[in-house]
Structures are given as C-alpha cells and as structure tokens.
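Alright, structures below, take your time with them.
In the two assemblies presented below, chain A is common to both, partnered first by chain B and then by chain C.
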Partner chain A sequence: MSEQQNFKVTIDNITIEVPAGTTILNAARMIGGEVTPPAMCYYSKLEGSGGKCRTCLVEVSKGSEKDPRPMPKLVASCRTTVMDGMEVKNITSEKVLDARKGVVEMLLINHPLDCPICDQAGECHLQDLSYEHGASGTRYEFDRRTFEKEDIGDYISLHMTRCILCYRCVYTADQLTNKREHGILDRGDHAEISTLLGKSLDNEFIGNVIDVCPVGALTDKTFRFKNRVWFTKPVDAHRDCPTCSGKVRLWMRGDEVFRVTARKDKWGEVEEWICNDCRFHKKETKDWVIEGPSKIDRHSVISQGHYVNTEKPHVLIDKVIGKQPKLLLDIHKVSDVNRRDVDLSKIEGPAHSDDFKKNQ
Partner chain B sequence: MKLLLEHAHVEGIRYYDTYRKHGGYRSVEKAFKMTPEEIVEEVKKSGLRGRGGAGFPTGMKWSFLAKPEGVPRHLVCNADESEPGTFKDRYLMEFIPHLLVEGLIVSSFALGSNATYIYIRGEYAWIVDILEQAIAEARNNGWLGKNILGTGFDCEIYVQRGGGAYICGEETALIESLEGKRGNPRIKPPFPAIQGVWMRPTVVNNVETLAAVVPIINMGGDEYAKIGVGRSTGTKLLSVCGNVKKPGIYEIDMTQSVEEFIFSDEYCGGIANGKKLKACIPGGSSVPILPANLLLKTAKGETRTMSYESLSDGGFATGSMMGSGGFIVFDEDQCVVRHTMTLARFYNHESCGQCSPCREGTGWMYKILKNIEYGKGKMSDIDLLWDIQRKIEGNTICPLGDAAAWPVAAAIRHFRDEFEWHVLNPEESQKRNYGLAHYADPIHIPATA
Partner chain C sequence: MEKLTNKSVQVDRSPMTFGEKIYLPAIAKGLTITIGHIFKKKATVSYPEQKRPFSPVFRGLHILNRDEEGRERCTACGLCALACPAEAITMEAAERKPGEEHLYREEKYAAKYEINMLRCIFCGYCEEACPKDAVYLSETLMPTNFTRESFIYKKEDLLIPNPKK
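Right after this comes the complex of A and B.
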C-alpha cells in the first residue's frame, strides 16, 4: 500500500491539509468555526447519508491543482471529496449564501413553526439554521402541509409536519437494527415517514432515531412536555449495560433524571449509540454513575444559566476576511440573564428571572 | 431519410420472420465478426448522441464503462419514457420491437453485458408482452441465450416494469428501482459507469439510442455520421403533438428548418383549423418554450433548423433544446399560464422529494401558478416565481429540479405580458385567452435575463 496521501484544500481563504478522500464538509469541520457549512442531513456515523437537504452547498472556485477549472454548479460539500489544491468558497461566496437562504426558505415554508410546543426547541438544528441563514419573514402564502397523525409506539412520537425528510432515521434503522420497520412512503412533498400499517417501532436500538433527527419530528415520548431542554442540566453518566456502551447524557433537574440521550459531539452527532433500556427505562440517579457536567457549546441556549463546562466558540472570521471585525456589542456584557456567574443548576426548582437579580 | 422506421409499416414486422426477411439481425452477424472495442469505435465514429434527453455522445459514454476483473457489467435500456410530449420509444417498441432487441444484442456484446435489462414505464403494460414475445422469438432463433451463434457470448434480456413514476427515468433512480428499491436518484459520483446496478459497472441508454446502433453497425460509423448536420448526426425521432394537422412520429435527418417541419405536408402539415402558430416546446416538457418568432428564426435572424445545435442556439435566453424529441405545438388559442401551471403540477407530483429545493419549490410554484391562472394572482407573484425557479435550478441532486424550473423560467421570460394580463384582468382572463399578442411579430429580445 502506498502511504496515506494528503491533499491541500483552501476553504474561505484558510488552507488545511487533509487525507485524500476527505469530504469538503469534513475538511471544513477540521478547520471549524464559521467556515463549516451547516449540515441538516449528513451524519458522519451513518453511511450513505447526506446530499439531500442542500444546506451544505458550497462553491468550488478551483477544482484542483491539476484541473483548476471551477465546478459549474454549487456542490453538496458533504458528498464531494477534496482534490489537491482545491479552493472552496463557503461564507465568502454570495452565490452560496443566496442559495443557502433559498434552501432554508424551502425547508421552512411547510414547517409548522410550532416551536413553543415542540420538545426539540432549544436543540433543534432547524431553529439554529433559520436563525443564522433564514429571512425574517415568509413569502409563502398558502396553507402549510399537514399529515394524518400516526402512532408509532410507546417510546417515540412522530410529528410528520416537522420532518425535513433528511432520511437520517431511515439510515439509522438500516444500520443499527436488523430489520427496518419504518421508512418513507409516497414521494415529493407528500412523502412521509411511516411504518407499515401503523406498526410500532420496538427494536432495542430504535430509540437512536430520536437523537439523529435534526428537528422535532421524532421525540422521546417518555419526556413529552416534561420540561424545556434548557431548564434541564446535561450530565455525563454511565452504567454497566449488557446491550450498549452505557455511556449516556442525563438531562437533570436537581436529583431528578428527566431524559436520557446519547452523548453528542460538537457537530450535534451521537458519539456512541445507546439502547432503549438505557434511554427509556433508567430514569433514576441510582441507575447511573455520574461523571460530571457535559461540555456544552456556549452558543447553545442550553448553556443558558449554567456556564459550567461551556466551550468557547471557535471564531475564525478575522482569518476569513483578513481583519478583525468591529464588535458592536458583546451580549454577555449587557444581558441580565446570560451571566457566567449564575449557575442555574444550583437553583432549586424552576429558574426565575429573580434568580439573576438576587445574585447581583 | 429513414433508418429506424424504414420498415415500420411493413405488415407483420412485429414478428421475427418478417423482420428477419427485411434484413433484421444482420448487424448482430456483422458485430460478432468484430471485437467489442471495434464496435465501440464505430459508435464513436458515428457521432451518435443519446436520444434520452441530454444528448451525451454514446460512444464516449460506452468507453467510460469500467471493466474491473471478474465483475459483471450490465446494459440497461431506459424505456421509462414519461416526459410529457414524448412518445417515440413507445412507437419503436410497439411496432418494431425486434429493432430494439437487435440493438440490445449488439450493444450487450460491445459492452460485455450478459444480463441486459429493459426498464419500461409501468403504463406501457401491453408493450411488455410485445417485447417479451420478441425476446422469446430471438432466443428461439439463436440470437439470445448461451453461446450465441457459437461465439461463446452469453446474453439474456429481461424486461422490468416500472411502477409509473417519471423520476424512474432518471438513470440512477431507474437503477435503484431496478434493484427493487425506492426510486430515488443517487448522488453522483459515483456514476453508473463505475457503480450502477448492484454496484456493478452499468451503461444506461435510451431505447432510440440503442435502436440506432443497428444502422450504425450495418452501414458503418463513418457513413452514419454523413447523415445529418454538424454534431447532429444520423436520424432523430420526433413525437409531435399539439395543434398541428398531422401529429405523430417523424424520423428526420435534422437538416429541415423548423418552419418546414411544422408547415410542410411531409411533416406536421401546418397548424390545425386554420389557426396561427403561437409557441412551441421543441424537446419535451422540460425544455424551454419558445414563441413563434424565436422558434422559426434565431435571435441573430438566422433560420432555425431541427438540429441539436440550432435548437439550442442562443442558450436559454433565446433558444431551447432538442431534449427527448417531444415536439409540442401551441396555436393562438392556447394559454401559456395555464400550460405552465399544468407542467408545474406535473413536476410537483413527480418530484421524488429527496432534496429540499425540488420537493418544496415545485409545490410552491404550482400553487402560485394556480392563483395566477384562476385570477387570484398578484404582480409580485411573477417575480416570486422567477426567484423560486432560480433557487431550484442547479441546486438539486438530479436534473428533475432543473426540468421543473426551466419551463417556468422560459414562460416568464418570453410571455411575461401574458402573466401580467392575467393578474390585471382576473375576470376577463377566466373567460377568454390572451391570444397571439406579439409572439408572431418580428423578433424582439426579451429583457428578462
């Protein structure tokens, strides 16, 4: 075998060397920060995923050292591998930003926008995406799409109206269970996630579809309406599980375990799959060995109120534009609630705006 | 000039004996005396371009086929023909099925495919029987099966019926469907030439493309290339529909002017019922519509001819495409808004739904067009439509997104006044049509890019 070859790729004026075969998206993730395109359907742990949502489109302004011609169309960065000497534009391309805005708009025109009653709110990738790339109003003047409600069992709730058809849950079932029991029926804008004849999903690993779902289409029934995620505190814990790794994240309030999920990395992807038993049945502190507070991105609303173990965002904008941007306002300096010295998790019971004043 | 349809009207040509009597299967005999590489070379020399829509040179496509040791390769014939306005493959398969079978045997030999598939549109149910009978006849006469004519070459042809989805005509969706999966287009690369059916190297070609291999081998690639004009070599089948006196299938050598094709008695025979020509979609529903003036002459004022090059002269700003050869003619009584709405509904219904811009955008465009058509439109809707099609085009997995965007773009580009008239005259537009307006006037270059 020849030695592992490295390719040089430049994304938004930042150059990095990556192993041959790396996708543009993964190369951008290695750089991190703003130059990383948003990915709503790609999931590095799911083979064959990606290419569908089109949020990760980028412009290839130089194909490679050997063939410097630019690519004629924008390409899905999650499914396009880098070539040596390739130059890619993400946030430095007007074309990309315009197309991405279009994609976000398309994802939203039929979305119910029922965030106030959606359990995914606070950790929803579509919320993040619209916040960063969307428009403030809609140009869509028609009724939003609805579906007949389907019950898919005791553990998972399906809200088809929120689904963005990323196919992640389909790949998950294909790759984690030996028999997939749900899939996408019909086609086009009437395509829907469904099970055959209303069968319920009960494979012992099927709960993972909840974690891979970027939106609130698949949520944990045992956590339904129990709490907003940002009022619970994420804690890493493990147990000796005969079925899975037993490494999980508990979402707690005081001593109470509200929800169990897999641990996710900074791209929002599951680190290790967990079984249904850990996820749905082990809801007491005594079931678990607590390791400590989880690392949380400081951008996330979940970091609100408990700054313990938050991660500073990786800011690269100065390198991309070649100078320091002028900061108009640092929200952390003026906000009443976003304060580092207040740790919500130490407060008994629900948090209240008074809690912030008290500590001043 | 007729190559494919030369014997189409011979009584009994559907059956083996008659077909053979009229020179059928000669190309197989000739091909078996050549090497597969020589056959590919002849097809390259012929300049044959794919007849399925994109017009990609067939010889070149064949030479891209990967040939890894010990991995079977496949030839797949795309008979899904579902593009509105296109019905030429149906004619070929229904009336001279042996021509396709013959072309498939030669092509399978050239590509090394021992199992060749015809993926046929679900609605063509009765043609399945016709094809299967032709295949059985060919096998009974030694043209298919094991060790054909003692050459050591084995080949079987299987007919697979589709479920009736337009998207399964897209080659990678077709492959998925052939494998028994949901017909979603694959993300390319890898291309079928490297990983196609069951991840094996595969060539997908249109029915007419594969039928054209027969005359190419019979007469030689160089001779075939002399027919036609420029890079539009050989003959092309056109399925004509709409307001002409003689709709139907025509085989042309692409040298005719569009005017001659529409108005001469040899072809369409002019516009029916003494009406005037308003517009035409020259290559199937996906390609841009052209108003009469830009159809008959290019923007430069030259006569437009029925060749690949001439039909696309001027790009999308003032030209169109040969596409799949579905020639749809509109007379002065036809409403462009209504027609565009119909197409938008089609693409909305046929989108596979994998990628967001196509899944959501096609439905959105259809709803807006419905509003405009039924007198509920706003002026800003026209610009919104333009923006939506722009957001779809080029940003999707497969060309269905483009195919949905182009008709809308072309309609607005060339017939914007008709859309505006609908918006400004909601009541009147429900009662009468806009008519000819200036579309038959001397050429004016539209302002919208």
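Right after this comes the complex of A and C.
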C-alpha cells in the first residue's frame, strides 16, 4: 500500500477523494456545508477525542468497493475511517435523523436548560444542536440530576449540571498542560468533572478548557454575567505574548474589553491555544493591537446588529437649518445602564448589588 | 376622455319644480334627519368618567412581573432587548448574593433594567421573547409628560408591587 493512496468516498451523493485513514467526519468537513455531521465531543486538535456523544452517527450504506455490504448499525463518523468506494448517508437518511433526535433527547435529559442565565448561550453547540435536531418537549418525568457546586478557582466556573461528559476538557488538560488536576470522578449517572479534594485549576494554559467546552459547563468567571455574547462585538487582535501566540478574539462593547477568547474556526474549534495571561488579565484596549472585526457566520445570533459594508445616511438637516440640531435628551444623563463610573469589564468576577450602589 | 368608472352621474340642470321651489319639504326632510340623531346611540363617550373597554390584544405600558413569593422573575437574559426592533430595552446583570434569595428568583438578575418609552413601539415582541414570564404589556395607557427624561422607565418604575408586603 503506497502512502499517497487516496480513497473515494461518497457522502450524501457527493463524492470526494480523501487520503486513506481519514475519518468520515473529516471527509465530510472537507465537503463542508450541511453534509457535515454535528460533533459535540470530537475535537480535531485533541488527540483521542471523539466517540462519546454519538451525535455524529451516520449510516454507511455501502462498506467499500470490495465488500459492498452496508454496515449493520449506524456508526460514529468521528471514529470510523473511510474505505475505498464507501457510501455514507447523513442527512439523506431518515434513520440518522431519527437517531440524532434521540441522542439530543438523551443529552438534554439532565441538562438544566438554564440558557437565560448561562453565559454560553449564543455560542453553545448544544443549543445549535437541539435547535436543529431536538424535540420541542421532554418526555422525562423525573427530577434532573444535580450536583453540589464546586469552586475550581478564580478564573473558571464549573456548572456540572450543564456538562454532557464530552471529555474535551480532560484531553485539553492532558495534552496542553504538564499536570492534569481535574478529571471525571464516579461512574454512570454520578459521573462528574471534578478536581481532587477541591483543588483549583491552576496552569498557564488551563483557560483553554473554557473554549473547548461545547456547553456552558466551564465558563469564564471574569466574564460571568457581565453581558450577553450577542451584545458584545468580536474583534480579532494580537499582542506579543512570551508564552502563547497571542492571537485572540476580543469581545468588546464600546471601548471596553469584556472577554478574551481564542479564535475559532467554522467548526467552532480553537485555531491557536492562548495562555491564561492573555485570556484573563489583558482586558484593556491598549494591551492589544486590533486587526479588525471577526468574521461571524451571518446566521449566528452574534452577528445580529453588526452590519457590514453599510453606508451612513447622508444627513442634510444641519445644512438646511444652518446649525446642528439641538440635542433634546442626552440618554447618558438619565440612564442608569452603562454608567461611566461603573466599568463592568474592570470588576474581577460577576457584578453584585453593591457594585452599582456607589455614588448613588 | 375615456371614462374610468361607470359611477359618474351627469348633473341634473333641469329647472326646479314648484315643490322644490317652495323649499319647505326639503327643510322638513333635513330636520327629520337632524332630530332623528337625537334618539340614536351616541358615538362618543365622556372620557375621564367613562372609558372604552380595551381589545383583548391591547398592548400598553410594560410591567416587570414577580413570582408568587414576590421575587423578581427577570434574569437579564437579554432576549427582550434582542427581540426589540426599536432597541428600546437595555439592562445590566448581576449575580445574586447569599441572603438575597428572597429578592431574586434566579442566580442572576437584572441589576438595571430600562425601557426607553420614546423608542418603544409597543409591538409586544419583548413579552413574546421572555422565557421567564417576566415582562408583560399591561392594559394601561402610557402616561404623558412634559419632559423627555420621564420617559426613561427604570426597573423601579416597571416592577409590580411586592404582593408579600
């Protein structure tokens, strides 16, 4: 077998040639668009990830050219490599769509659905997945599983109830940091992400677990409740960082930097890992060299209200009346929101009632 | 010119008859119409004392709801502000502290919540978007005022009184 061997694979009637050893999911990603199965646990940058969430199940209607029998069961596309002449059905298969609906229902069984509170809302993969494939109601009649809240440090907040046990954060800590301090404890229904004996996560690159988390289980404590994702404007920026590449995405509102994350590609995966210093401590515009607004898919809620290539309307009123029109109401004098003396982005953690009380 | 409709009538310019010339029958006809209106149902109401019933879908001034225990329902999720076509709603969220459980229903709440009534078009999208049944459009007309500042409604203006107090 030569090293350059290419396999022909047909996914949803689209044929593509891929190198041997590629998984079905990656082959589908090369085609792109709706053909790509969703993935909650697979992460191309993390070795060994995948095979846990079962959202990427596809039907293999023809095994290969040599053995054209279909595979007896739906297979996880992130773990199955392509064979020559393989035919895969994803969205063209009723069976797959039905199974995916079932998987989403199972993922949501214990999910608290507290999206109005959750900081991940708007960029949550589980939200997208259930919007596309989920049922509108639940059939589950019992209490949802709950956990005792655990504090895992000053920068990362852990909401175990939202976790879908994708193991991405575990792999991230294994492969990016010297010593992993958190992991999955217990089994089955009791399985939970935890640190041993309440240790806090403390490592230069541990902030990346926030970015890899597909749900809101691990979120940025410095951004907690500060603003909704879709009201902040993503901007690409970089800085000279001694530990990481320094290429980040700033989430800004006006001149305030509310949040720093790594840049993500169209599959929602981090392009380059960033260090904790960039993520949690550099929250001022002067720390960064701003490159320009990030490209966000126009179907995303994040791109609401962000218009591109717009022309400002030509105002003529000042020329007609010969002076600037009188400002009848300066909203900042009346409004309590966005007060100049309360900089939410400068507060360490989430705002509390006393943060708004000063100078009132 | 070609006629556009068949509704036009040629003006009758023939000389008046004797009955039309004495005018009295025409005056009597006019007066019957006038006097007839006295006995008909009035189209107006005397407003401050009497009020017309609102239509069941009427959308008036906003209120922020509380739950049965008097806690604020709003969690500052921002969906009303997102749905608002006039961008009238702004808010700032805060985390509930231990000891504030009787004030706020959830872990997160709206520390500041404002509706700019000068911008609001009373479309009711905020009510529809709210996942927590917090914002409602009541059957109250928005009061008028002389200053623009008074149309910026803060959270204190919008919250319903606490039923427990």
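One rule holds in what follows: the second predicted complex is superposed on the first by the 303 of 360 C-alpha atoms of A that agree within 3 Å, B and C clash if a C-alpha of one lies under 4 Å from a C-alpha of the other, contacts with A are read in each partner's own complex, and residues count from 1 in each chain.
The definition used in the following text is that contacts are C-beta pairs under 8 Å (C-beta built on N, C-alpha and C of every residue); 3 or more make two chains touch, one makes a residue touch a chain.
This structure is a prediction, so every number in the text was calculated from the model and none was measured.
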| query | After lining up the shared chain so the two structures overlap, which partner does A:259 touch, if you call chain B first and chain C second: first, second, both or neither? | reply | neither
Review point. Is A:230 contacted by the first partner chain B, the second partner chain C, both or neither?
Key: second
* A:52 contacts which: chain B (first), chain C (second), both, neither? -> first
Contact-wise, after the overlay, does A:180 reach chain B, chain C, both or neither (first, second, both, neither)?
neither
(message) Quick check for you: in the superposed arrangement, does A:110 touch first (chain B), second (chain C), both or neither?
(response) first
Thinking of the overlay built on chain A, is A:121 touched by chain B (first), by chain C (second), by both, or by neither? second
In chain A, both chain B and chain C touch residues none
Chain A contacts chain C in the complex at 114-117, 121, 224-228, 230-231, 301, 304, 328-329, 331, 333-338, 344, 349-353, 355-356
So, in the complex, the side of chain B touching chain A is made of residues 165, 167, 182, 187, 348-357, 359-364, 367, 384, 390-391, 394-397
The answer for chain C against chain A in the complex is residues 75-79, 81-82, 90-95, 97, 100, 106-108, 111-112, 114, 116, 118, 131-132, 148-149, 152, 154
Given the complex, residues on chain A that touch chain B span 50-55, 57, 73-74, 76, 79, 99, 102-103, 105-107, 109-110, 139-140, 142, 164-165, 167, 183-184, 186-191
